[in-house]
Amino acid sequence: MTTFNLPDLGEGLPDAEIVAWHVAEGDLVRIDDLLVSVETAKAVVEVPSPYTGVVEKLHASAGDIVATGAPLVDFSDVTASDAVPEPPAADAGEDAATVVGNVPTGGELLQETAIAGGSRRHKKGRIKATPSVRTKAKRLGLDLAEITATGKNGQITIADLDSHAAKGKVLARSARPKTIAGRSDQLRGPRRAMAQSMSKFRDEVALCTLFDDADINEWIVKRNITARILRAIVAGCVAEPGLNGFYHSDAMTHQTESRVDIAMAVDTEEGLIVPVIRNVEAMSIDDIRAAVKHLKQATRNRTIAPQDMVNYTFTLSNFGMMAGRYATPLMVPPTVGILGTGKLQHDVVAVMGGIEVHRRIPLSLSFDHRCVTGGEAARFLAAVIQDLEMPD
Amino acid sequence: METIADFEVQYSQFLNPEGKPSSDIPELAKEPDALIGLYRAMTETRVFDTKAVNLQRTGKLGTYASSLGHEAAHVGIAAAMREDDVLAPSYRETGTMLYRGVRMEELLLYWGGDERGSDFADVKNDFPYCVPIATQCLHAAGAAMAFQLRGESRCAVSLNGDGGTSEGAFYEAMNVAGARNLPVIFIVINNKWAISLPIEEQTATKTLAQKAVAAGIPGIQVDGNDVIAVRHWVERALARARKGEGACLIETVTYRLSDHTTADDASRYRKKEDVEAAWKVEPLIRIRKYLTELGIWDEEKEKALLEDAADKVDIAVQKYLNTPKPPVESMFDYMYKELPEFLEEQREHAIRYADKNGGEHG
Amino acid sequence: MAEVTLIDAVTMAMAWELEHDPMVVILGEDVGVNGGVFRATAGLQKRFGVDRVQDTPLAEGMIAGISIGMATQGMRPIAEIQFMGFIYPTVDQMINHAGRIRNRTRGRLTCPMVLRAPFGGGIHAPEHHSESTEALFAHMPGIRVVIPSSPARAYGLLLAAIRDPDPVVFLEPKRIYRLNKQEVEDNGKALPLDVCYILREGTDVTLVTWGAMIFETIKAVDQLARNGVSCEVIDLATISPIDYETILESVEKTGRLVIVHEAARSCGVGAEIAAIVAEKGMYDLKGPIRRVTGYDVVMPLFRREMDYLPSVSKIVDAIGAAMHD
């Protein structure tokens, strides 16, 4: 018998959660057949079978957390190669008559219940909404059960979602205080990873944050903010490369990189993930825009590979979607820099000769003061702002 | 009333079941090499055929249609054909295919469920086996039409059984061949049985040769167990067609000594005595006797031939058994000259799931 | 009550009708003396005679054509086509006449015939013996197409088909002819046509399938049940006309639909079901309708036939994808 242990899934992670088995005990599997789906801190990973053999024992069930290196599957009758399957022998004796081929004969007694259609009529009054409406509701965090449907067929429409969201703003203040449901969850997946990495951060990093704003009033094209910010970060790295890299505390080594690989912190339902755009320094603004678009899609589909969430040199945290102008974002060691962007607003600014209303991006640059000075950070931020404020 | 049309059907046999030649036996019968060649081919066919049945019984071949008893008809036909003629067989004519140059392992691959068995290495234009009964008759007529349009002296040869003569396609093919004077020979190999239906219940006609009358082409009946007769008349028919004199029908009368296929049990519907009687007039006996009478064959030569045939068959069987399954994507790669875009996704899907079916049979 | 296989149940149903309706006649190739190449008519000629169970000459077009002739003149023929691969010569008669005669004579002449054929692959057979082209007949107005998936349904549905006043193409999944047995009472009770049969009730995903694929589908469903996925499995049974009410009701409950059929994908019956549910059940759907089918290629010879057919893994993955919507 051969035991297959949970391999290191590429991130040095300590464990993984079983999402779904693709085989059952007793199944014959071949090399590379899909064995099991597991979730690490950042992604769902498919594990193929390393053997051709019979699955004797599964050491965990869906939902269990398995440590790296711990037993996962027992195989028996392991062979290295596929045998060409032989055609089944003809049935001798029994008149399983057929002029061609081989009709399988089994003696198993079929136990089934079959309910003829038309005899059940339970109208369950389900909520009606197209898949696109359901997805949008999910994204907005709306409960379909609370929304009034005005569609001709009794369905909830996009308009219904919008009017509910608007209503919500009015109702919010007059709403009764809600009860809070208490619960206790052992942290799993990305949340688990967050607790682990934040603790590490607190123990090691000397955090310091600079706050400022970029005035984007002069922009010709008033969109693609993320792409502009990413380009601006590259400008900062050019001015002060010290923030683009790593600090290895045990060797007390400050490693500066020539590549600018920026991790984009994204908040998903399951928690924070950080997909990476690589070599931003070599990209034109159009390239960056395309990369951002691709990344958003991949995040939605959860198709980001584990290797695309590691080994970045700088982080961007767009935390200001709903609220928050400034923050003290925390970078993940061993990186030493992170730029946080807050909620875009129209601010009243003083100009020569009076006051105007300009759109501004609040910026919070955190750096690891063990290896980066305040002056270096300030010069970095100045370069970022200068690039961001350019018309295009 | 006056008779304005009449018909007669002639029957020919040169070698009787005991191997005694008739007085008008053709010149071919005096050529020892030719005769031995025919006998070798018939014997090899039977040895191969026996092996194929055994392979099926031991689970190494799929369902197989044996040609036991048909060797004279099958080999005689092929021996009369020119290399650049085109054959449109049904699914039983092992001897014809082998004589034409189809390799033994190709036939095994076909019955072994592998399309590569029909991609004949040495035979470029013949049709592969045809399962939907008598549909091949029309293909042969079409091939003949191509030859006629291009002014070639090639012929098409259509083979089907007694059952096939009831199908509409059989008549349609003969009719157009007659109407257009096509260089095609329709050979009906009447082995008396269409699975369980005996010839007497298949049709009211006394012979199958006379079906030709309805199409206005000549038809003759020949003893299908007499390889000399088959060879002679097929050659005559082809010569006639090459000269532009059109199509004809040859009925070769033989007997299906085997079951319809390896999954059939003929004892359910045939009498043992009938089969035993048919064995007495089977084709190999008479030619062997004739050759022995001529002094050009003996027990030692027989033994050597059987050993030689067994060796040949063994080599082919090994080749077949050692041929791995075709790649899964091959089910896509021969659908069109260029794979249409919409099929690419399905092709990838198939590759992804290749061999992952666990052999379910419910 | 006897424990019978699907093929036994077919024999039982035909025997019952031969006994109780003197107008019923069976015809086909090798159906009499031989009892049929799958033994569907075993013993029937002995019991009912050569006129009631006839061995015909070898011509499928003729078999369909004379069945129509008999049916319009008061008989109830049950014609057997030996394999679906040989059914195509009947198409001329079935489209041009069987499905039309009632309509074009305003009901004066009708065609109560059954055309039976074994269909489907996975039995290691030679070329042309593994066809699944039920969509061809499903597309013809005026013709019902019925596919049983168990001995009990084979018995009840075939009785209904024989008694039906209009033409029925009754396709028998040969792969499950003898796969298992079921208790079936030989009481002449027909099952309703034009309805689906719900084999498993569930709340997460609706599976619609028919024929031998039911077994792969059930296996996939059982596998996923271990992971807490609750599937509803519906046997379509009558392929044409489709009982879409039952399917819509189920999708209303689950919000997810996966269709499984052996036949090739494009323009298969699954496409029709998907269209109906997209039209009438769009607001119940949580995500796209999925089909797990054969590919749009000629069915490969048996060395690769199992890669062509929908497998348990393919079905499991489709249900899994639906659960992620």
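Chains here go by letter, A, B and C, matching the order in which they are written, and residues are numbered from 1 within each.
One rule holds in what follows: contacts are C-beta pairs under 8 Å (C-beta built on N, C-alpha and C of every residue); 3 or more make two chains touch, one makes a residue touch a chain.
What you see is a predicted model, and the numbers here were worked out from it, not measured in a lab.
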Shared interface partners, meaning chains that touch chain A and chain B: C
Taking each chain's C-alpha mean as its centre, the one farthest from chain B: A
Chain occupying the most central position, where position means C-alpha average: C
Chain A and chain B: spacing of chain centres that average the CA atoms, whole Å: 65
Separation of chain B from chain C, taking each centre as the mean of its C-alpha atoms, in whole Å: 35
Inter-chain centre distance, chain A versus chain C - centres from mean C-alpha coordinates, in Å: 46
Multi-chain contact residues (two or more partners), chain B: 62-63, 112-113, 195, 264, 325, 355-356, 358-359, 361-362
Contacts with 2+ other chains: residues of chain A: 87-88, 95, 97-102, 104, 106
Where chain C touches two or more other chains at once, by residue number: 30, 35, 37, 124-126, 129, 175, 179-180, 302, 313
Sites on chain B touched by chain A in the complex: 56-63, 112-113, 195, 260-265, 324-325, 355-356, 358-359, 361-362
Chain C contact footprint on chain B (complex, rising order): 62-63, 91, 110-115, 129, 131-133, 163-164, 166-168, 194-197, 201-203, 264, 268-269, 325-326, 328, 330-332, 335, 342-343, 346-347, 349-350, 353-362
Residues of chain C touching chain B in the complex: 29-30, 32-35, 37, 55, 57-62, 85-86, 88-89, 122, 124-129, 175-176, 179-180, 212, 215-216, 219, 265, 295-298, 300-309, 311-314
Touch list for chain A against partner chain C, complex: 20-22, 24, 34, 62, 87-88, 95-110, 112-118, 120-122, 124, 126, 128-131, 134, 151, 153-155
Chain C - residues contacting chain A, complex: 3, 30, 35, 37-39, 82-83, 123-126, 129, 150-153, 174-175, 177-183, 191-192, 195-199, 201, 223, 226-228, 234-235, 243, 245-246, 249, 252-253, 255, 282-288, 302, 313, 316, 320, 325
